[in-house]
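Next up: the structures, one after another.
Two complexes come next, and they have one chain in common, chain A, joined by chain B in the first and chain C in the second.
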Partner chain A sequence: MFEAHSINAEHKDLIHDIAYDFYGQRMATCSSDQFVKVWDEDEHGNWHLTASWKVHSGSVWKVTWAHPEFGQVLATCSFDRTAAVWEEIVGEGSGPGERGMRHWVRRTNLVDSRTSVTDVKFAPKTLGLLLATCSADGVIRIYEAPDVMNLSQWTLQHDISCKLPCSCLTWNPSLSRLHPPMLAVGSDDSNTSNGGKVFIYEYSENSRRWTKTETLSNVVDPVHDIAFAPNLGRSFHTLAIATKDVRIITLKPVQDSAQSGLSRFEITTAKFEDHYCTVWRVCWNIMGTILASSGDDGCVRLWKDNYINNWKCVAVLKGDGTSAQSTETPLTTTPPNHPTGVQQPLSTTRNVTIATVTAEKPTAPIMSTSKWQAPVTKGRFSKSVWLGNPAEPSPLPPPILDRPKSKK
Partner chain B sequence: MTSKTVFITQEGPANALALNKDNSQVVIAGRNVFKIFALLEDRFEEVCNLRVGKNLNLNFSCNDVAWNLTDDHILATAATNGAVVVWNLNRPSRSKQEHVFVDHKRTVNKVSFHMTEPMWLISGSQDGTMKCFDLRTKEATKTFYSNTESVRDVQFSPHQQHTFAAVSENGHVQQWDLRRPDRYFQHFTAHSGPIFACDWHPEATWLATASRDKTIKVWDLTAKPSCDYTIHTIASVGRIKWRPQRKYHIASCALVVDCSINVWDIRRPYIPFASFNEHKDVPTGVAWRGDPQSFLSTSRDCNLYHHVFKDATRPASKANPQGIALNAKGDIAYACKVNVNAPTSSVRKQLIYPRKMPTSNDTFYMAFSMMHRFTVTTPQEPKWFKACAEGYLLSGKLNEICDHNAVVASKAGRNDISTVWSITKTLYTDSLGNILTTPPTVSKEDAVNTLNLSQMAIGPNAEQTNTGHENDVKSLQGEAPGVISGGDDETETDETPENHHFIGPIPSGYRRSFSGSKRQPKGDFFFGEGELEPMTMEYTNAYMHNIINNDNDWTLPKEAFPLRHEIQDRSPPPEQFPNHSPDINDDTGAITVEDQPCQLIVTAIPKPVFWDPTHLIEEALRHHAAIRDIQTSVSILIALGDRRKILNIEMATQEHWLLEYIDMLGRFQLWEVATQIIQLAWMPSVSQLNQQSTTIHACCSTCTKPLQRSAWLCDRCHTSRHALCSICHQVVRGIYVWCQGCTHGGHVTHISEWFNSNRQCPTGCGHLCEYT
Partner chain C sequence: MDETDNAQIIGIPDDLCRKAGIAATWIGSNKIGVHAYKHVSVRKHCEDLCKDLAPFEAKVHSLRPEVILFSAPLRKLVNESNGVFLSIQKMKPSASSDTRPELLKHSKQYRSILRACIENIQDVLEKSTPDYRSTLEQYLTIFYNVECVWHLTEILYIDAIPGEVVLPQLLEWVRFHFPKRELMAAKVLTKKNIASELGNINYWEAIIGCALHGKLEVVRALLSLHSKADHPAFLAAENALRTMPIYNVYGGYSINEFMIRWKHWQLDLLSRLESKTFISEPNLEDIMKLVAGDDTALWDFSEYTDAWYELLAAKLFYSVPCCKQSELSRHANNIAAKWQASKHQDNVILSLMDSELHHVIKEIQYMNDNGWFAAHLTDLLYHCGKLKVIHKHQINVTDQLHEALLLDYGTTLMSHHSLWQVGASYLEHCSEQGLARLETLLQTLSSGSEAKINKIIDIARENNLHNVVNSICKIQGMKCIRQDRLGNALTWALKAQDGAFATYIADQFLKHYAEKGEVMCLDLLENLGNCMLVSDRLTFLGKYCEFHQTYGIGEFKGAASLLVSLLVSNLTPDYFWSTLLWDAVPLLEAEDVILSSEDTFELMRSVEEHGDDPKFQDKIEIFRLAAARNLARALNLEGCQGKH
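Up next is the complex of A and B:
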């Protein structure tokens, strides 16, 4: 199903981030070696290095593309406490070879942070040219370029403090006016007693402020990456989190607190431990149908859901390119009565479920029968995971649904 | 104090610190502070305050301090007023000041004792000279002229007795022989900016230099100086010190901006090996305590810190070692750290990682990433998305659209979507078109579905969708995950009675409509399996008749049609349907149809099952949006034309769908489709998308000057010649059409009239104009 191609990036240190542009035809990589490299795809599907330049004086943590309607624009953030915006320009010089030459120029350097800037992301284009950064001292900053034609002027619009060191952020990509601008931020604070590590911020048009509307209290381990799924017309939001495991969280806005102007959410969490080690990255495909996660096990796992939002691992790709596995070629076979104490590196079925509901009434976990999936027994390991608040009384076991098997 | 990070706060910031030879005491010196502390197990204890006496002049204001490496009671300081002061701790008086050398003309930046000869002291000053003092004779024995503006650091070589290195503000490094004060024996430019510090490696023949250009460079001075390593830091580097017993490690602190003390592995010059972030202001001095695990530091924040290595933060361990990205084609780019240690047992290695630090230290510098691209050999989603986007008809007659799109979808391998189109067709073209004039006749199959409807209508929305989902899942179980489930449904659909012998489109319309919302399998299940609980059915009398008399024939007798008026009159408005059904059930009897595999309880009701597909379509659209199939939702929504007005879907949601779909089309660069959708959009916020920032620039055809004020008058030639109509020779002030071949043109009406009867250009230029 997948073919692996090795790319010799020739970065001199770790590569920390890869980003495709809007169309998926350009790719940018950034590394601790303080360089960003831009790769372009030719018509035969081969990728070529087209630019490579020193962007910061420290490790470059993240690189991200702006929507192409703003031009060929990249933003980077670094250990050197700055974030920068870069634009590719086509040379207009008269010298030989200068004309038509493309090169990247720094349009601005955002120096407000006093610590390492850990993530940088452009807002959905409907909000204008907006850039959010977050830093190791727990400050989220939102910059705006009031004139989209002038990328060298950015004004710091908001400065939000979130107490814990931030490691990653993501914009809710929804283009709907029904959804207020929303950001999710993750913290890699390793102290689990500091509570939830994922925060949801929403912008209120009335107060013109960003306010924390939710803290995902069941994510207490350090969060390394976070990603909203493409919205594609859904009324709810899906958030993937890379922590010690992979979590997929859906946030359904609940309109009972309309008077306060802030929507609260009904939160459903699904958790997958297939990596059995720290998960570093999560990334959605553009349709929001596939989630890719990668962890210290050096594997990329692809997740897909079925019609009841039951996510399953559908493929495992090894990072060294030696083998690309997918479920078509069966994974390791497991004896049916495998002792549950032993962890298995690979399992195909993993069940999911529910969780706490609105922040307002956290006491009673709502159980809806349909959300507990009866384990699919196909001779493989499977189990149900309860993800409620540990403080709450443990919930009833999943109801046994008396559901006859279908004819197949 | 070997195992804990401790600190003590002073009244003023210290500029420098120095440890005595056995590392048990530390002296700190600054403009207003000059003290000696003993290093106890868990704290600092003040041993001596040297800043005492009646006359606290500038001799007490120190830039630097050095502790004699042999005689434990001798200290030297570099004063800001240009004095070099020697202190003797063994003096019986309160003041320990032993001697003041006032040889330098300007402030002294650095003092340094010789490694082995306790009597030799060297100083570097802002006046550009270095002086070597002999503490026995109490005089400056030699003066070295650097020929630079100022000397920032001087250090005796630990390898050659008579050699010392000096660095200066112009970026030069000089090596001098103590015995030859006339001229340096080596000189090179090391940095592009001022060099603030240098440090000899204790073992290797390396000299490290730190500069304002934000770099630390390591020079091999054995032969011609060569820069072996360069570390790029984030700020000007003020101080550097090699870490004892760790060949490749060096500690640095910045002059500005950065308050942390970083320890680097010179082989990995981009990210600090360890970082100490205790200070609140920039550190001013660093001194290792002889072992690699602890050191002391002073800072402008007035604190003296004792740092231990285990409390350091490791920026590299927090750094994300992986990158992953997916593009529109479904390709995955993945970069990950190569595991140097155990490429085979990566999982195990990771588990022991936190405990086994030495492993990570040894491999720290070997960090590099591998990058792979995984390409999908058979791209599924993007392919059908593109095929459908390009193939779909979006305007015209609904049934044609539906037929066409159903074909497109099924060609693209999306059988379920194809079915949805067919359903939509039957729902609307037939039900709305014909149903109002024909009786709502239902075949038996439809009855089953009718039941579904009633259930659905009664039950709360959420539950209903869930059951729908469950059915889907059921049909899916046993399939490989990742296969689009619809395909399965579709095959079953085809077997359903629709293909058998229906009389007209109406019943099939009904049937399909239900399965539309249920996505087919529901009907199939109820039917084929016969394993569901008894079903209640609402039925017309006429149909009851039909069924009972005519069990095996599900076609409708023609006689049914005359009944239509009667039925229609009694048909309840669709919205009320849910409310009515309980009553209906109450006064009707139940009939079990024996010959069905499932137990069907058919209730005869007097009212016809006329029913409006609106909310069903609405459900379907929402469902497709929820499963991220925005294409289907939007395409149907557009295809419905004005019928969408009765859908209970908020404008904002519709707008949302359109915008998301347009955005998605953009990703696939399907501009034409996107434009088509924008044009077909019924809400201004979407339909005006293409009108924003679109400008056409025109130039005068005679002088080529851009037309600015108006399209028909050139500012330069003051004529409107370029805007004349070729036929009436009047200036065209409205829409101008022209042939791109011969550039002639004119009023739209004139030109079109002309070309109705002619083929050549009206000007007689002989061009066979082509207008489309």
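Up next is the complex of A and C:
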């Protein structure tokens, strides 16, 4: 069983992306309503809206947090062809209530793209404060804030054209100094004859340039999302791709490939077609042990690998409007005419208990001569890593022998 | 190894999610944020699409799996078992001495912790409210099953069975876990009524239950309470039960000798059965048939058992009393198949008897105990050297399996606000990926109170994760800077021994002084001690504060020499020269000659080199004049002193 907290995000349009900060205690949501909202979790697990402001003049596709070493910093990208960097500052005003007030200010507006900016991601912190964007016209741009104490100065360091419209990008988060900075870009170009849709770029310290070192030629369908898994000491890189199915690709660097002229990586692909249709999003947990994929079938599937790197689906999440088992209460806590644009702290958190609905396949019929009535275990407990097999009825335990209790 | 496990389906009670579809984002290691999501092409706007979905409430659901180990009655289990786990890790794998007895002791400790936990849950259960009751009952079920499997594993794999004859331990195990009918028998016996069969409806059930568990003394005692206990049938039964040979390794007989005696006794009993000695008492006759090893009688009594392994124990006791561990599998499979055992627990126990530990470990991951059992039992077996898991490509993956289970368990605990240190201790013992995980998880935990952050830093230090320490201190320091608390920021920089960061902060202090003429956090800066050596700029700042301090208490000579040493040290930042030079003027103009001619030359050299700061232009003439006057006085004085 899962414990759930539900909040009404109060966006007036679809939410396109949510991002959690490094600690998982702040959440940013962005939407087609051109707003970003920031939510803070209190010690009881309730989320409170602490900021809401108009960030762009078009749909906001993605929102992402910078590493907290750089302060409280967000980046957004939009249909309005721009990306922006936002910083939360603590007010220094002297008026009553002004001191200590927090608000978000736009530090920069990155206007180099001539088409919709489809993704924006901060680089791993070891590379400094770097931001990569990609856009529908097929250009990847890498910006840097040379002085991390002054976020209003950003310089365009590289722009890399990759010919096909870009839909998503991901930095390799590995902090190892054994390999150069790396990023992967996906294209949602629908023409399969254009070849591979995922490109790996690596930065060469010598030439000070980003070069395409690999094209995943076996991914020819449109790619909608892409994510490197946190590396955590592994000797290979793991890349998840959302295309017409879920792909989990491992890239094992090949030694001395420069001389031999062969591929830089030994590539293995695992393919999962469980969604039976297009996959839109992929997301790793911070340890890179479980992947969540969202498909057009309306399901989120969770994939976990075992100790011998076999991936398998361990849970399916799915929207369910009529869940009889939910103990949900009406979710509107703010008055319906709540004035928008006015920032006021409010909590719209409700506790909802979400029960497991069914097992995907019926479990084997229980054949037993036992006369014990099994307690209702309807998925009450599942292994914390969501490996549970909760439909298992078990007999009630016998009384404890050692300490017989007299019944009154 | 085929993976046939089913994924569970979790319904999110949100109509918009149902209509539009959903997307998920991870929060840390095991929480997930879910929201309604519809892919919108970049090239066309989503207005028409959204019309279908209106009116809508865009909700975000954050989900996390319920971890039962975090509930109050189970906290003790988590903490105490951690102690046993750590003491197992401390055991030295020495070739000379057998670690088996030591590990058996640890296994028993684990089991006694489990038992205490079960008893504790029962105590709580009695006082609890009805809706909490069912939860607790489920905990009981889970941990009862865990204990049962653990006990058998201990018998078969950890304990050394004398002579490999497994029956006595097996009986003990069955008796321990199915005490119901023995309690029944005890109740009958305490009444001590003659003709008990009339007063107790479950008289025969108690006898059968005890007979199935091989509790012959109890059976005899119960039979003696029968109203016809002095009839020949009962006397014959008493005689047969009394004389039944029971195998005991230390009994002085070899297995062969024992088998001859036992066969002889069995033949005797069979002939009595054939001669219809017990025919007048059908219940008694059935029991004697069971005792004589009759299979039909055994299965007739299966309704008095709760699990197939109870029947297995009876089967072995009356038919194969010297069953060795290696033969156990065959008998177990026969019984289980006939019983049609198919429950999870059944499969686990059968696999144990089949010596398929790999399968056992796979199954016990589904005990719904959040991995507690799998991690600890696997670790114990691993240290016993009993675990050998071969992957299909003939690769030994035992280490990986062992580590994967510990990693999962440790990671689960790390997600709890007060059990994270326990979790960290498991990760510390995973040689492959443990440190990398610890590195990631510690950093994400490091928010909240300063006490907690310091604890995290200590653990990171113990594990030589210096970059974690640096990063945490940097984040805290940056937070302080943004709140204008430079002193605190400096403390964090010093904690991490982060030179570059300390330089940055020292710069802020100096700039602040250069502009405003006041030193912030004087008490901290005056007490830097050795810490100031972490960065040159900080050293300069520290020394400069010392100069002010010395000057403040009127030690002008000392202050002057500090100032001169700062001037010649080459540590002065460009923006600070004018401040430093201006500080010299009062000393130059003092009534007594404080600065020697050499010092004054040094000052004059510095002003020529660094006095070009525009802020200093209006002061440079004053400085030169003061220096010249002091030089004159100093030379005069030194000249006089030189003569003497």
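Following the convention adopted for this analysis, the second predicted complex is superposed on the first by the 309 of 408 C-alpha atoms of A that agree within 3 Å, B and C clash if a C-alpha of one lies under 4 Å from a C-alpha of the other, contacts with A are read in each partner's own complex, and residues count from 1 in each chain.
Following the convention adopted for this analysis, a residue touches a chain if its C-beta (ideal position, glycine included) is under 8 Å from a C-beta of that chain, and two chains touch if they have at least 3 such contacts.
These figures come from a predicted structure and were not determined experimentally.
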Item to complete: Please work out whether A:Gln34 is in contact with chain B alone, chain C alone, both, or neither, and reply first, second, both or neither.
Response: first
Discussion item. After the superposition on A, what does A:Ser174 contact: first (chain B), second (chain C), both or neither?
Written reply: first
Worksheet item: Does the superposition put A:Met287 against chain B (first), chain C (second), both, or neither?
Response: both
Item to complete: Report the partner of chain A that touches more of its residues: chain B or chain C.
Response: C
Discussion item. Going by the contact rule set out at the top, does A:Ser57 touch chain B (first), chain C (second), both, or neither?
Written reply: first
Practice prompt. Identify the partner contact of A:Tyr276: answer first if only chain B is touched, second if only chain C is, both if each is, neither if none is.
Written response: first
Worksheet item: Should A:Phe70 be classified as contacting the first partner (chain B), the second (chain C), both, or neither?
Response: second
Worksheet item: Does chain B (first) or chain C (second) touch A:Trp47, or do both, or does neither?
Response: both
Practice prompt. For A:Arg81, select first, second, both or neither according to whether it touches chain B, chain C, the two together, or no partner.
Written response: first
Worksheet item: Both chain B and chain C contact which residues of chain A?
Response: 1-9, 11, 13-20, 22-25, 27, 29, 31-32, 47, 59, 61, 79, 116, 167, 175, 188, 224, 230-234, 278, 280-281, 283-287, 289-290, 292, 294-298, 300, 302, 306-308, 310, 312, 314-315, 317, 319-321, 326, 328, 368, 370, 376, 403-405
Fill in: Residues of chain C defined as touching chain A within the complex
3, 5-40, 42-43, 45-46, 50, 53, 56-69, 115, 118-119, 122, 126, 134-135, 137-138, 140-142, 144-145, 176-180, 183, 302-303, 306-307, 339-346, 365-366, 368-371, 391, 397, 400-401, 403-404, 408, 411-412, 415, 432-433, 435-437, 439-441, 443-447, 467, 471, 474-475, 478-479, 482-484, 504
Practice prompt. Report the residues of chain A in contact with chain B in the complex, numbered from low to high.
Written response: 1-9, 11-20, 22-25, 27, 29-34, 45, 47, 57-59, 61, 79-81, 116, 126, 167, 174-178, 188, 224-225, 230-235, 276-278, 280-290, 292-298, 300, 302, 304, 306-308, 310, 312, 314-315, 317, 319-321, 324, 326-328, 345, 348, 368, 370, 376, 403-408
Fill in: List of chain B residues in touch with chain A within their complex
214, 232-234, 257, 268, 270-271, 315-316, 318-337, 339, 343, 346-347, 350-351, 367-378, 381, 385, 466-467, 469-470, 472-478, 480-482, 485, 525, 528-529, 531, 625-628, 630, 633-634, 650, 652-653, 655-657, 659-661, 663-664, 666-669
